[in-house]
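Sharing a structure below in structure tokens format, with a few things to ask.
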Amino acid sequence: MEGESELDMEQLLQKAGVLIEALPYIQRFHGKIIVVKYGGSAMIDDKLKKEVIQDVTLLKLVGFKPIIVHGGGKEISSWVDRLGMKSEFVNGLRVTDAPTMEIAEMVLNKVNKSLVQLVEELGVRAIGISGKDGGLISVKKKLSEGQDIGFVGEVEKVNPSIIFDLLENDFLPIICPVGMDENFETYNVNADDAACAIAKAVKAEKLAFLTDIEGVYRDPNDSSSLISELTLREANELLEGGTVGGGMLPKLNNCIDAILNGVSRVHILDGRIPHCLLLEIFTNKGIGTAIIGDQDMKFYNHEEK
Amino acid sequence: MEGESELDMEQLLQKAGVLIEALPYIQRFHGKIIVVKYGGSAMIDDKLKKEVIQDVTLLKLVGFKPIIVHGGGKEISSWVDRLGMKSEFVNGLRVTDAPTMEIAEMVLNKVNKSLVQLVEELGVRAIGISGKDGGLISVKKKLSEGQDIGFVGEVEKVNPSIIFDLLENDFLPIICPVGMDENFETYNVNADDAACAIAKAVKAEKLAFLTDIEGVYRDPNDSSSLISELTLREANELLEGGTVGGGMLPKLNNCIDAILNGVSRVHILDGRIPHCLLLEIFTNKGIGTAIIGDQDMKFYNHEEK
Amino acid sequence: MEGESELDMEQLLQKAGVLIEALPYIQRFHGKIIVVKYGGSAMIDDKLKKEVIQDVTLLKLVGFKPIIVHGGGKEISSWVDRLGMKSEFVNGLRVTDAPTMEIAEMVLNKVNKSLVQLVEELGVRAIGISGKDGGLISVKKKLSEGQDIGFVGEVEKVNPSIIFDLLENDFLPIICPVGMDENFETYNVNADDAACAIAKAVKAEKLAFLTDIEGVYRDPNDSSSLISELTLREANELLEGGTVGGGMLPKLNNCIDAILNGVSRVHILDGRIPHCLLLEIFTNKGIGTAIIGDQDMKFYNHEEK
Amino acid sequence: MEGESELDMEQLLQKAGVLIEALPYIQRFHGKIIVVKYGGSAMIDDKLKKEVIQDVTLLKLVGFKPIIVHGGGKEISSWVDRLGMKSEFVNGLRVTDAPTMEIAEMVLNKVNKSLVQLVEELGVRAIGISGKDGGLISVKKKLSEGQDIGFVGEVEKVNPSIIFDLLENDFLPIICPVGMDENFETYNVNADDAACAIAKAVKAEKLAFLTDIEGVYRDPNDSSSLISELTLREANELLEGGTVGGGMLPKLNNCIDAILNGVSRVHILDGRIPHCLLLEIFTNKGIGTAIIGDQDMKFYNHEEK
Amino acid sequence: MEGESELDMEQLLQKAGVLIEALPYIQRFHGKIIVVKYGGSAMIDDKLKKEVIQDVTLLKLVGFKPIIVHGGGKEISSWVDRLGMKSEFVNGLRVTDAPTMEIAEMVLNKVNKSLVQLVEELGVRAIGISGKDGGLISVKKKLSEGQDIGFVGEVEKVNPSIIFDLLENDFLPIICPVGMDENFETYNVNADDAACAIAKAVKAEKLAFLTDIEGVYRDPNDSSSLISELTLREANELLEGGTVGGGMLPKLNNCIDAILNGVSRVHILDGRIPHCLLLEIFTNKGIGTAIIGDQDMKFYNHEEK
Amino acid sequence: MEGESELDMEQLLQKAGVLIEALPYIQRFHGKIIVVKYGGSAMIDDKLKKEVIQDVTLLKLVGFKPIIVHGGGKEISSWVDRLGMKSEFVNGLRVTDAPTMEIAEMVLNKVNKSLVQLVEELGVRAIGISGKDGGLISVKKKLSEGQDIGFVGEVEKVNPSIIFDLLENDFLPIICPVGMDENFETYNVNADDAACAIAKAVKAEKLAFLTDIEGVYRDPNDSSSLISELTLREANELLEGGTVGGGMLPKLNNCIDAILNGVSRVHILDGRIPHCLLLEIFTNKGIGTAIIGDQDMKFYNHEEK
């Protein structure tokens, strides 16, 4: 029927429009490294999981160089419980003794290889490594207010040569946040910290945190105060204002640290929105909050107006 | 308002869907050469022109290797007229004497550089060459039913090294169909023939003709008999059936020739449809008629069902 | 004291002698790939473990290209028990249901990263991967006498490009025997089979199995009938003779398979002997049993007589 | 006959002498870029034209990296006339409106491809490009004493990457002086200015202008006052002296500009002398006037005395 | 004076003509390997020596890849005498005992480095090696009618990898004809044989022998019967005719051997003519006798008529 | 027998121990350049000679980049005598007139090629060059207290590109100390000076002098005062102390010069001890005296305690 076909054509043209709309973004990020901290709900919900992997794979295929850094928090807890191990806490942080560290590493590697599997399924070469491979992440013991809480590490140095080698060979690297200290002992590292340290070391263009919040609020109690864009200066002011609370504080510190070290734009994305990563990168509809460096503002001012 | 934002989100998700839908096609054609014969209305209408260039540029940016081969037919005629030169015809073909050849070459180069301009404007490196550069196209004189019709050439050999060099250096090559004979005289070449010869010489994955028709009809008098897909065998049968007429005959011969020489899929597209190239490649809604080689059928059978 | 110093000098000269004795072997295997199947006691005893890693690292440093393929058998069992999971057996083979496979993969990855750690500690770049990374190992379900025993895979194809990429970048690859089927499901693979399949795919010069036996016996009941060298023909005769029993049968089949596919020499080493790998390669005192291909005989005949 | 043969041998030895005499020059310019501004009579007279192309081709074959930048002045005028277009002049400069620019570009491209043809005929890979290809020449509108004279451009930036790519692939680049402004509009550029800007951007060793004069005169009215060599200081003094007139003034300014930007030696050659380019480079008989930078003086002092 | 200047210009144009005449030859041999057997008078007379070196250096500079293989015959004899050593002869061949071999090698290396010196003086990178370096020439003992005449070797194998490495690094290799047998004993090799064996191993385009004769005569007693060109067939007929005598016989055999193994053209040049090498290559006036392979005839037929 | 086999095993384990002990040293010097000045008794005694060559070859095979610089002193004298030439001395130095230089060069090249022979025999690619090849060593005439003593040169400049090219192509370069002055005249150079100058030019990690003494003594008259390690400061103090005498003085100056120019460690080894080179590098038992730069101390302090 005529009518149907006309409808079809209209839809097709809309499709073409979406693809054409992506042109400047594909161009802007061609060959650029984008570090994605993958965690939260997007890692638990199977549909969201598949969508994140589709997004990252698409980024790879159109010529960007994405890197996934993932956590494994909730699953670690569930295995610790399942094994009937006692959990001790200090200042709200789990004490990571040797047996706990062993479980944590096993779980993180399991998650790691399951992500490899999903990417390979989409036909892209993936490789799953930890911060131990190629001496990627060197750590020192992290104390919690002066107290030893076991094998919890603070990133001391990132040796990115393994990442560059893998990117050069066209792999999509998937990294779990485990490192070694100078005695080659294994430590757990906070995944946000690891992602930030890696983004800095590889001079990433973009660092995106998939979280379970909508973004940064000017007033945490007012859901209408969501901030869509923060300059470095504004981010600092917000921190000093003291209204940023809880889990957002270290994340915002990581954002600022990344920007100061050459990352052009850091995103706090709501990982509960399907394809949030794709939408953030390929449309000019901002999702979540972006913290932006100075040289990056030019491109967006130019493109987004 | 809630409602508005929900609408927004739905639109965004549709956008993401379109991009994700492109994934298998991006993967399939990554690093592959796609020759686009650019001509007809799509070359005259400024909006269509811009859209073709956007399409080709997008192909380049997502990792394909497009090559444009263009004609210039109508504009050549108009300049010949403007210069008050006489036109002589033999069997319906214009006799191309030396002064006409001079005009033709000038006009083709003008068109060539105007396409370079449009691609460069989109931020992609373009280079406009003719079949004389780097000895790309060698021709011999073409007779029309035994009669000398001047500097009209038949492609004898394509030396593709210049194209490989330019692709290697990340250029989008734009080629006008002019060649030289063994005495280094300049000849005009039919753009369809040139595109086909180049596609064969560079072992293109795809060859697409932008035309001013909807595609191939089983019965030229019945507009509902448009064929969306032809195997090599069917295309041959159609030819032998004798119903293929006029301008379609040499085009279909070119298609078959290309397939027999290693091109996986040849498209006769309706260049009057905006973004027909993009739609053909990135959606499973066929535009126009595709002639397909055997190994290509597998992919499409697998993907499109 | 004179005397002491003379003694010293004598010891020093002996040391020099050992190094010089290594010369022809270093030369022979320069740049050659050596696949080491690492398992058994050498994987449990900490001293032996350290020594194996020292050996492999030395091989790397003097210019060979060693690859470790490891198992994890006993540790998998212990974790299955620890988690209170039921074990079911069919024809003596453990049925690997999904939860068991999950545990197996976690344990194998744990072992994998602990080996990375040991190699990195010696200052050599290691990378731990599984057969899922880069699509290295493709499997199909293996039946045990027609019965489904779960996620136990038979190697269908090895795609060695990831290994070549890693060797090219000077990594020592450490591989755990896990693969995926065509639906991207995870399967456990016998480590001997994986080592053999990888050795064939990368055209290894040598394949060495670290085992818990002295080698192959002509008569399994007569410990003085240890065979130090078998030609391909002799190995086949031995198999046909029917005296080879138990665990040795598949191992010997793997050896023959590897030789037939271009590996020059396969070793069944006694992994309980410290530095058995080094001794086998760098001295002309054979350790265990060697199965040798025809072209390899020339070198050894020349060197060892 | 004896006598004849002796005569032959003497001629042969003279030939050998000429070739040997070329040795230090071949050595001096090996791998060096030489920009040739090609224009004037040498472009109109067919014999001279062929000789210039032979010269440039020889430079290419003995290991130099020549680049041709050509004009097309007289032919543009003749086509403008032929098309019956009105010519308007401001301060002696032709006003280049859009239709004129269109003609100019067509003619320049025609000349460009005819040069490609001649070089290809001699068996050397040539490629003809304009300043639009690869974004080679960026311009801004040039005003004539404050007045808009249309699409006449002043070089703002040369992006030489396309030239380096082509040289790397062993092409002889032939360039016509057309550029684009920031809105991707096409402009005509003075060929001398384009050659000078390109020579500076590619750090050419030599820049040679083929002209229709003998060289620079100390006194324009005294044909015996031809200067064969000018240092930078002397060239400046000459300019300040005010005796340099007409067309020589901008040319001399270009020479000085090139020298100041790293070109070692600029030549104003008499293009009416056959093989003037070859003679200038391969003999120590100066043709025309050379403006020389400081580091270049050493070589010539050493070689030419 | 007008007249003088006109004379000058005429001479200059003749110079240009000589250079232009060289064009097709430079093109033909670009990147091609040319082996020059250097010996005879051209090695003793200081002026001729300098001219040969100039010729070879020029070949290098215009893009060919010349290789010099030299002898040292007369100087070896003079040093043997000077050291008061007895000379013994068998069938007219000097018996080369160990002390004689020692002298021979010393003298050959002396000559070798003196040639390096001359080439370096002309500003070209030279390297002097013997057939011992990089295992270039492997020999076996050569018997003279069944009798042992000492360390006189017959070339068994040429391993050209050292030559390719040196050419790749842009060296002009200068080689003296000394080789080693399978026990790594040093042997003297006839320089003609060495040159021929090397030309075959490196697939040289041309092999030129500098000799002390005018060329090959049809009738050795008739100086007017000098042959300027021989096809392979004619050369064989000449050999079979039995009129070729003395020193020419092995030389002609070497020529035929080289042609049969892929060298396009072999020259027997009169090394007493200054610049004979240059004249042979760059002019169409043949010097001496050329033995030509079939595919080479085409070029020369085309060029020389 | 049991007992015998146990003894065997013990010996084998000792062997393995020696190899493992070499690990950190192999790692430390991987890819590093080590210049060995080869002279004295180790060059005359056939057994020592063979052992030095074995040592250097082993260094090459395990991944270091050794370079041999050799002298030829005693053999030159013996040939000068044999040829009945008069020797004249000035301040204890032989006057090197042209005929003596000719002999010296011949003898040095003879030694050079005999070393090539020994290395090739061990299956490693060697190439023997002099300082004339590739313009390696440029010299000026050296005066002895103001007096001209002939062709004795002082190193002015080392152009190491030939060495880098040869190392890149995996050759073991063997260099004899002959150079050319600006007029391309040949000069003899002291081998110690040549080795030191080369070590500096190639930024060697280590420079080792094989000598006929035990090392440096604090008190030359007290054989128990042998110094095993000297810092730069201590070496300077020793020099200033005035107790260093005779041949050691210039050697120590060379050592200090090398250290100051970036060589990490210089060794004065007792070449009369078999395999002294190997022992020095692969064990922590110091042989002779080491002069060490500051950054090198760290490694040895760490490794050797």
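Lettered A, B, C, D, E and F in written order, each chain numbered from 1.
Criterion: contacts are C-beta pairs under 8 Å (C-beta built on N, C-alpha and C of every residue); 3 or more make two chains touch, one makes a residue touch a chain.
Everything quoted here is computed from the prediction, not taken from an experiment.
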Shared touching partners of chain D and chain F are E
Overlap of the chain B and chain F neighbour lists contains none
Top of the farthest list for chain C, CA-centroid basis, is D
Per the C-alpha centroid definition, the whole-Å distance linking chain E and chain F comes out as 38
Per the C-alpha centroid definition, the whole-Å distance linking chain B and chain C comes out as 55
Chain centres from averaged Cα atoms put chain D and chain E apart, in whole Å, by 42
By the touch definition above, chain B meets two or more other chains at residues none
Contact graph of the chains (line, ring, star, complete, other): ring
So, starting at chain A and moving first to chain C, the ring lists as A, C, F, E, D, B
Listed in rising order, the residues of chain E that touch chain D in the complex are 8-9, 12-16, 18-24, 26-27, 30, 51, 54-55, 57-58, 61-63, 122-124, 273-275, 278-279, 282-283, 285
Touching chain A in the complex, chain C uses residues 82-83, 102, 105-107, 109-110, 112-113, 116-118, 120-121, 125-130, 132-135, 162, 165, 168-169, 171, 178, 180, 184, 186
